[in-house]
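Reading through the structure tokens given below for one structure.
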Amino acid sequence: MRIAHIFSVAVLMWVTAFCPAQESKVGNLTGHVKSGKALYKRYCITCHGVHGDGAGENAPHLDPKPRDFTRATFKCRSTASGSLPTDSDLFETISRGVFNSAMPPWRPLTRRQRVDLVAYIKTFSSRFQEEKTAVTLEVPSEPQSSPESVKRGSELFENMNCWSCHGKEGRGNGPSAHTLTDSKGYPIVPFDLTSGMQLKCGDSSQAVFRDLMTGLDGTPMPSFSDALTTDQAWDLVHFIESLQSPGGKRSFLAKLGAKRD
Amino acid sequence: MHAIPAFARKYNLRCSDCHEAWPKLNHFGQTFKDNGYQLMTGRDAPIFQQASYFPIMFRTMPIWHRESDNRVPTDIVPGNRASGQVETTLTTHAFDISGVDIWTAGTLYKNITFAVQPAIDNNGKAHLETYFVRFDNLLNSPWLNLKVGKFELDTLISEERELFLSNQGGFYQSYHFTPIGDRTSFGFGDHQLGAELMGHSRNSYTRYSFSVLNSSDGQPNSVSNSYDEYADFTQGFELPRLGLQSIGVYGYLGQRPTYFQTSNGAPLANAGLGSRTFSRIGAYGLWYFGKFDLSTFYMHGQDNVFLGNGVPANEPSKLPLAAAGPTWNGGFVEAHYTYNPQLILVGKYETVQNSRPANPTVRTALGDVKVWTVGYRWYPIMSSRAGLAWHQEYARARTTGTAPLTGRDDTASSFLMGFDFDF
Amino acid sequence: MNKLNLRFAILVGLAAALATNGAPRAGVAAPMPNPSVATVKGTVRFQGTVPKPSRIDMSADIKCGQTKSGAGMTEDIVADGGGLLNVIVYVSQGLGDAKFDPPKEPAAIDQKGCMYQPHVVALRANQELKVVNSDGTTHNIHPMPNNNRELNQSQPPGVPFSMTFAREEVAIPVKCNIHPWMHSYIAVFKHPYFAVTGKGGTFEIGNLPPGTYTITAWHEKLGSSFQKVTVGESETQTLDFVFKAQAGS
């Protein structure tokens, strides 16, 4: 039984007069634009630019490029592909940083400072005022991994054409890999699933599940929310995890990455 | 360790990302330092840099300054020793240079950090201020990091990264105070030789360090056959709306020889005997209230009676009557107003007061010191490649009873203005 | 203000049933024809030597070659007899603040033989676009708009998927990352006055209220050009566009 729901952009486009675009909410903290702006000018402006368009003074020297906030397209979300991230999603990305890029983990900033930054970042795109935040994907509980689950996952890896980008062995060298560009036209490489490196949106099994079901917007990595059932998605997660070198190097990192402040 | 534009160039971050106003670190920069100058984004190892990137920087300050001291003994008739001496106020001013700090620091490999700092003073004489290797995140844990070499003691208020530069205001009295007559060679702000085990939580709110150090105040080539210990512990906590606050406690327990083995009557410098102990313990705090912040520091110093009186431990009869181990208390409050990342106003008040003299016939307050300093730094450029600051500062220090002729208080002042640049 | 409240069904989407580039696709009149409306029609021509389309190498996915239909030829510039296909012709100025409700009928685009059919889709803002996967292999549908929301959805064979675009944009490039030769373009309009040229390069935009309009023709490789036209009541004006071969192509 496939998850069959229609992603309709128009349904989510509301002019919500009561939605406070000047604030962000994460947990019991409320962030404010004015404080966030001062923090942005100290910490973020050099890469993300004074207009939030990813054209800061360092941008020409960076790969991958800094996020263009004016597009409101974000990789790491808990919402459907094409939707805005939640305030929590932005907070998590700021805290965790983006591994294998120039974006550091800003965890040393206080929680309040990070929530303030989320509020300011949202001012760079009118989409945050025009659209209601989409429904958050709830990651269901993970079934136990098993050799059967991994085998089913490997069949899905074949049928869903994951290999065309990620390669038959998951090393990121599939036949389409060299053609890939991100949405700004810059070359982008598929993740090498065998590398043991930390994933950009978190390392836990739940994070991998979420990556599959929401996609990484702005990149060639699609959402499989209409293509996979929950069980199939977990099978694929188990297969992906089996591609790691044995010895638990990644599982240790996964445990570290799973902790949140 | 000052402000290191080499890191800005390596990581494409501005000075203001790691420094409130360089060289003073903000908490993000402190965490970066605790990680072994690593951002932990997977690109810290040198293989990820362009081969042409070289982690070197230098810092120097061309300045103009004015010094004044009101108790300088001078001959009444210049050139005539017999004419007698009187205390006069001596004021001098000139352009000057600060010397050059050269730093090279970074990673040799993932989780292997290094730093080397040859410093050249303004006479051109060089010495090695810092050099160490640090093995970071042992057993994949931020709680275990091992540093070996010559380095400053772990503390959140580093004299290396002070925002003051003048002769009277540009150092912490508490970090160097030794009572009059005391022979203990130790400075809390001096770089020490040894090994340090240090750990921190991932966001560096909780930190500890434990060091074993030569009993030689960082001097190389001195086999002193005894070791000092130092430990500190800091804890950060957030206050709603105000920001991150940090408090720390520390303790240094050291020993120094009071006499030496001799051979043919000549002392063997590395064969110390009669070691006696000294201690420096205290607490510090960093208090943030939005753009305004305070650094507070307290130290209680205590030296052994033999060290305090400069008497060898095998000749106790040479001690003055009712001699005691000297103790003193010192501390400062330093205030900053960071108007924006490119303008900071600073002020400091510090005092060190003797509590119990080593020799009871000596006035207790002899050598007490009170210093206040005000200034500001303006950074006309703030980029990810290099830094420049314009600095102005005035400091006034008053030392009790140290005027050489009259025994009155000695007041000295410094005014400094100039450029501080960092490449 | 004369608020136009006409509803239009767009044949563009139903052109998916027309596997070959057949009759010109245009906005079709509603069941309530107004006798005073005007029409702008014409031909878009290509001047110069039409570059020969080449066969696309689909060996990266053997399942692509297994479907029966599909030309499998590059579609950058498609011309027959001097007429240029896949040109979007639309009213870019002259409608003022008129508002139009989106039609309830969906437009459609199909993935067949690992090619998008049609190659160019024009539809209305907030009109549903049904995406069909008629192939035996999984595709991903990845529109990359500048003025709309970007999304990226994996679509196994036969699984239905729909999307809408809220804002005007000419035109949104669409690609499949799995099969990198697949390209299509989606143009989104707030009004119903547009057409995509079909065989012979012809187009027809009907039901225009009388007035002066700027008509723009857009081609994915050859750029845009525009002309002004004035139509009176029940008048039909003919407008031709010419696109030249680019230097070196």
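Residue numbering begins at 1 within each chain, and the chains themselves are lettered A, B and C in the order written.
We take it that a residue touches a chain if its C-beta (ideal position, glycine included) is under 8 Å from a C-beta of that chain, and two chains touch if they have at least 3 such contacts.
Please read all numbers here as calculations on a predicted model, not as lab measurements.
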Greatest separation from subunit C - chain, by CA centre: B
Chain occupying the middle, per Cα centroid: A
By count of C-beta pairs in contact, the leading pair of chains: A-C
Whole-Å separation of chain centres (CA-atom averages), subunit A against subunit C: 32
For subunit A paired with subunit B, centre-to-centre distance based on mean C-alpha positions, whole Å: 44
Cα-centroid distance, subunit B relative to subunit C, in whole angstrom: 72
Subunit B to subunit A touching residues, read off their complex: 11-14, 16-17, 27-28, 30-31, 39-43, 140, 202-204, 238, 240-241, 243-244, 340-341, 383-384
Of subunit A, residues touching subunit C in the complex: 2, 4, 6-10, 13, 71-73, 80-83, 127, 159-161, 164-165, 175-176, 179-180, 183, 215-227
Touching residues on subunit C, where the partner in the complex is subunit A: 60-61, 126, 128, 137-142, 144, 148-156, 159-166, 177-180
Sites on subunit A touched by subunit B in the complex: 38, 41-43, 45-47, 57-58, 61-62, 97-113, 197-198, 252, 256, 261
